[in-house]
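See the structures that follow.
Each of the two complexes below includes chain A, the first together with chain B, the second together with chain C.
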Partner chain A sequence: MKRSPATLALRWSGRVLVAVILLFVLLPGVVVAISAFNDRAILQFPPQSWSLRWFWRAFSYADFAKGFWNGLTVTVWASSIAVVVGSAFAFAIHRYKFALRDFLEGILLSPLIIPHYTVGLGILILASQTGIGRGFPLVIFAHVVMVLPFVMRSTYISLENLDTRLELAASSLGATPLRILFTVTIPLLIPGLLSGWLFAAILSFNEFTATLFVSSQATQTLPVAMYNYVREFADPTLAALSVIYIVVTATLLTIANSFLGLGKILNVDAH
Partner chain B sequence: MNTRPFLGWFVSPAGLVAVGLIAAMLAVFQYSVRAYIPGTLEVGGFTWANFEAMLRPLYALAFWNTVLLCFETALFTLLLAYPLAYALTRTNSSALRSFILIVSVTPLFLGEVVRTYSWMIVLGNNGFLNSLLLKLGLLDRPLQMMFTAGGVVAALVHVTMPIMVIMLAAALSHIDRNYEKAAESLGAGPIRIFLTITLPLSMPGIVAGFSTAFAWTFSAFATPQLIGGGRVATVSTLIYQLGFSSFNFPFAASLSIIGLALSLAVIALLKKAASPLERMAGTT
Partner chain C sequence: MLMRTDPMTADMPSVASDKIRPAVQLDGVTKRFGDSVALHEAWLKIRPSEFMTLLGPSGCGKTTLLNLIAGFLEADNGEIFIEGALVTETPAHMREIGIVFQNYALFPHMSVAKNVAYGLTTRGVEKKEIARRVEEALALVKLSGFADRKPRQLSGGQQQRVALARALVIKPKVLLLDEPFSALDKNLRGSMQVELKQIQRELGVTTIFVTHDQGEALSMSDRIAVMSAGRIRQIAAPDDIYRRPADRFVASFVGDASVLNGRLVARRGDVAVVSIGDMSVNVPATPTAGVAIGDAVDVFVRPEHLAVTPRGASGSLPGTVTAQVFQGGHVDLYIDAPGSARERILLRSPGIAALSSCPVGAEIGLTIGSDDIVAFPPGEAP
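Entry: the complex of A and B
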């Protein structure tokens, strides 16, 4: 079919529009990358001289190192707990009807709409009332609550795509439910569970607002340490750290995209 | 034979988490009606004083500002995210698809602090935009963008873009392309096809994306706090100030209750306002 000039013009203006929007999305990242290599402590565009010293400072600043390890501890625990709890629950709501099913689902999905500061404040008040204290278990619990909806969603989508005839076949050959679960269902769900874990881990590592409320000086995670830094100092150390952050995250996502298909996980692929 | 194997084992851990979350929410409710005793973390008896105090202009204004900020952010995010989501689902090049997907999704995983910081560098008086505009001679002195509501909106749009793109792309990818082909074969132009078929059919995604963007913005703290610099008061920054500067947790709790109610009400309203549109598109 021959396209009219008007259609062609529309097509090209659409392309230009998309390019401009992509530029808007990329702009802050590019600007941060430039300023991370700026030698001077004061912001300057374009930088007069270049250096790597802010990267060294980012690595040697004690609060960042501590925040990184704290964050890693919280992230590994929270996303692992969330994967076990969330996928088991997703399995139950996908397969069964039971009392309080919709109620429980609504409660566990609610952190998607409840402001994070409300959840953070609630957990903080609860901790002070019950005398639990602001240790790691509290921060981990807050993170489990935050990432659970994403894990539930990821497992639920995998269950939708699971061929239940395989389970029926195993069952007809005499396998017990427990054996089917461990030899058929869970192995088939592995990609979904892995991507759920990865998403939960990335979200947990970056969670800020609720963590600010529930963490203490001893348990502060990297985003909280970064927030405190930016309030005290104006030098490009945080820019250097942001560059590391962006590179690591983009690399992880590119790997996830090629192995697991990001489009499929995010449900944006055409069917 | 048990027809629901593992039910108890699979539901009870989630039930425990739910109990914890409910307890936390109840704690907020309970604190919101307790009296504040200055200088201590203890709370006094039951009172409505916290909610009455919210009628003062300072707080009423903060609520109004926050709602306005959220609307502006959600609207601009929608306008910018739609073309991206459209390109993402309609392009034939898989390289371009992956590129758009990675570029628009990566910011989702960077966290609010990194993204807000990068906007501080873009918007600051010695920042990227001001330096660029001064060099080009378009300005003769730096334009104040930090500590303004406009700056906060720009950064918040950037923060909410990824989730909006994902939700719109999910809706757009599930539209049956045959409707568009049928309209085309009947002689409809591309703009007419878009306005009468694609746009109405993607309405569920628009509503979901808009309300999520609204809720996220409502919940945002680092961006209004750092870019607003105390000059753009929102519900979240007030709650933090009340909680951690004056340790007035009862008032912070009542603010977050009203904040939660307001955000739920707006989302419910949005869904209601959009349902005639969805019916028109025949998707409900």
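Entry: the complex of A and C
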């Protein structure tokens, strides 16, 4: 069968369009990645001479190392707390009908609408009013608030996909509600909980805006340390750090994806 | 309303039947979902070791009834007893009931052995005893070598056997089966039915089986409760349901039936005499109790109760063959008889003789060759 010229033209214009879109999406990353290998102490594209020395500096700069460990501390705590709290709320919203159910749901999903700097500013004002110091608990609290909706969503979707007949079968076999929760419901939700945790962790580790408000010199995370760095230096260290960031995040996401289709968590509307 | 108590007392045959404690008893159980009544005042007594089928179209309330017995739903009115004990408010996990779901509901994260052991673990049975009983249960359903498999590694039929083993291993007071065969292919379905019935008889476990398939119901049950629109219409043995349906719904839902136009001519005790054209037949009097002598009734006849005679033979109805369907062991004839029936009449002729003797277009006579005919007050479609 012969294709008409119009069909052919359409096919090719489609391919070109996809290529252009991909180029735009990838362009910033590609530019930064290439700049990271510049030998000179300026951000320049394309580089004139090549070196790996900014990667070394990214690893050896004390503020970055401290920011990394701070960020990791905040991330692990915030994601873990969010998984426990978020799952409990998701469970309540999914299983029970109560007076303020819709209201509660709205509140919990609102950080999706409220900008991060508002969250940061709000918590900062509260902290200064109540005299709470800008320590780790404050940063962790801010991060829990921001990642909670994502964790809730992830658990909620896993609950939607859970066949309630499994729980009925367990109860007919003599299991108490608590026993059903621990032997049937939670084991079957684990892929969803893990993905939710990982997604929260990635969000939390990368979070900058709110963290800038609520962290101090002692608790600043890696993105905040990077911001402070770029205010003083304009060398390719940050570009090198970006490359590391992208590689690590991509690796983690790949792992998450193999646990449970990540698409389910990212773009499915639960209602 | 008519059916509420009649069938219950009518079909309890033995003199001592009232003294046998029912395995399951429902006293006027009602369940509403919002404004709609899913189950309306269900009265039901199931005898120990009985295989009782709840038969009806989807939405008739049979699954609601099952869920009420299992304790998954709470009744709005009425009481439920299991082995004489009031369980209306007892939570599901304390009712000691085995259930097999349509999709089997095996725990996907547990091995076959763990699935079967689940109900024993919750009861705190000793490890050794669990192992022994799990092995026994798997042997019962012929899956001895499969203990370490995961459910997803099994075929549909095998999964169903695991579900059955899991339900039976706890020695339940009642076994509930929720359309367990509908997900199986036709050949497997037949053999699983035979096997399930065998196991049930062997163990003597009281069983309540929910289905919309009248063939399954007729072949497996000791008794059938036919349901429609949230009500139990009739409770009786399969042959009674087929031969003496209590109302138009049962008559048309269970088995094939054609409706002939009749007229009530006399009543003699339990029997009513109905004329159809030149013919007259005896039917049970109860269903037409409200009809005056001389008024119209609808007569329900099974396809195998009709026979072909030469046109004009005395006491026969004139008709014309409009279609012929060869079914292997018998021939189905569709007959137009405008004088005696509003719709086409189905006649089942054994053997293959009718293929040549009753071609399409043939003008024939119809006779009724059975006493198992029922008549109901005239109505619209059943």
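Assume the second predicted complex is superposed on the first by the 253 of 271 C-alpha atoms of A that agree within 3 Å, B and C clash if a C-alpha of one lies under 4 Å from a C-alpha of the other, contacts with A are read in each partner's own complex, and residues count from 1 in each chain.
Please note the rule applied: contacts are C-beta pairs under 8 Å (C-beta built on N, C-alpha and C of every residue); 3 or more make two chains touch, one makes a residue touch a chain.
Please read all numbers here as calculations on a predicted model, not as lab measurements.
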### Query
Looking at the overlay on chain A, is there a clash between chain B and chain C, or do the two fit?
fit
### Query
Is A:132 contacted by the first partner chain B, the second partner chain C, both or neither?
neither
### Task
Considering only touches as defined above, state whether A:41 meets chain B (first), chain C (second), both or neither.
neither
### Query
How wide is the angle at chain A between chain B and chain C, using CA centres, rounded to the nearest 10°?
100
#### Entry: chain B versus chain C, judged by how many residues of chain A each one touches
B
### Query
Should A:186 be classified as contacting the first partner (chain B), the second (chain C), both, or neither?
neither
### Task
For A:112, decide between first (touching chain B), second (touching chain C), both and neither.
first
### Query
Is A:52 in contact with chain B, with chain C, with both, or with neither (first, second, both, neither)?
neither
### Query
Is A:175 touching the first partner chain B, the second partner chain C, both, or neither of them?
second
### Query
Is A:104 touching the first partner chain B, the second partner chain C, both, or neither of them?
first
### Task
Please work out whether A:16 is in contact with chain B alone, chain C alone, both, or neither, and reply first, second, both or neither.
neither
### Message
Going by the contact rule set out at the top, does A:166 touch chain B (first), chain C (second), both, or neither?
### Response
second
### Closest Cα approach, chain C to chain B, once both complexes are overlaid on chain A (Å)
6
### Message
Just to be sure I follow: which residues of chain A are touched by chain B in one complex and then by chain C in the other one?
### Response
177
### Task
Please give the residue numbers of chain B that touch chain A in the complex, ascending.
2, 4-7, 9-11, 13-15, 17-18, 20-25, 27-28, 30-31, 41, 80, 83-85, 87-89, 97-98, 100-107, 109-115, 117-122, 124, 126-128, 131-132, 158, 161, 166, 169-170, 173-174, 189-191, 212, 215, 218-222, 226, 235-236, 239-240, 243, 249, 252-253, 256-257, 259-260, 263-264, 267
### Query
Hey, which residues of chain A end up touching chain C in the complex?
163, 165-166, 168-177, 179, 183-184, 187-188
#### Entry: For the chain C and chain A complex, residues of the former touching the latter
70-72, 91-99, 101, 103, 105, 107-109, 118-119, 122-123, 166-167, 170, 176
### Query
Along chain A, where are the residues that touch chain B in the complex?
6-7, 10, 14, 17-18, 21-22, 24-29, 31-32, 34-35, 42-46, 84-86, 88-89, 91-92, 95-96, 98, 104, 107-108, 110-119, 121-126, 128-129, 141, 144-145, 148, 177-178, 181, 202-203, 205-209, 212-213, 223, 226-227, 230-231, 238-239, 241-242, 245-246, 249-250, 252-254, 257, 262-263, 266-271
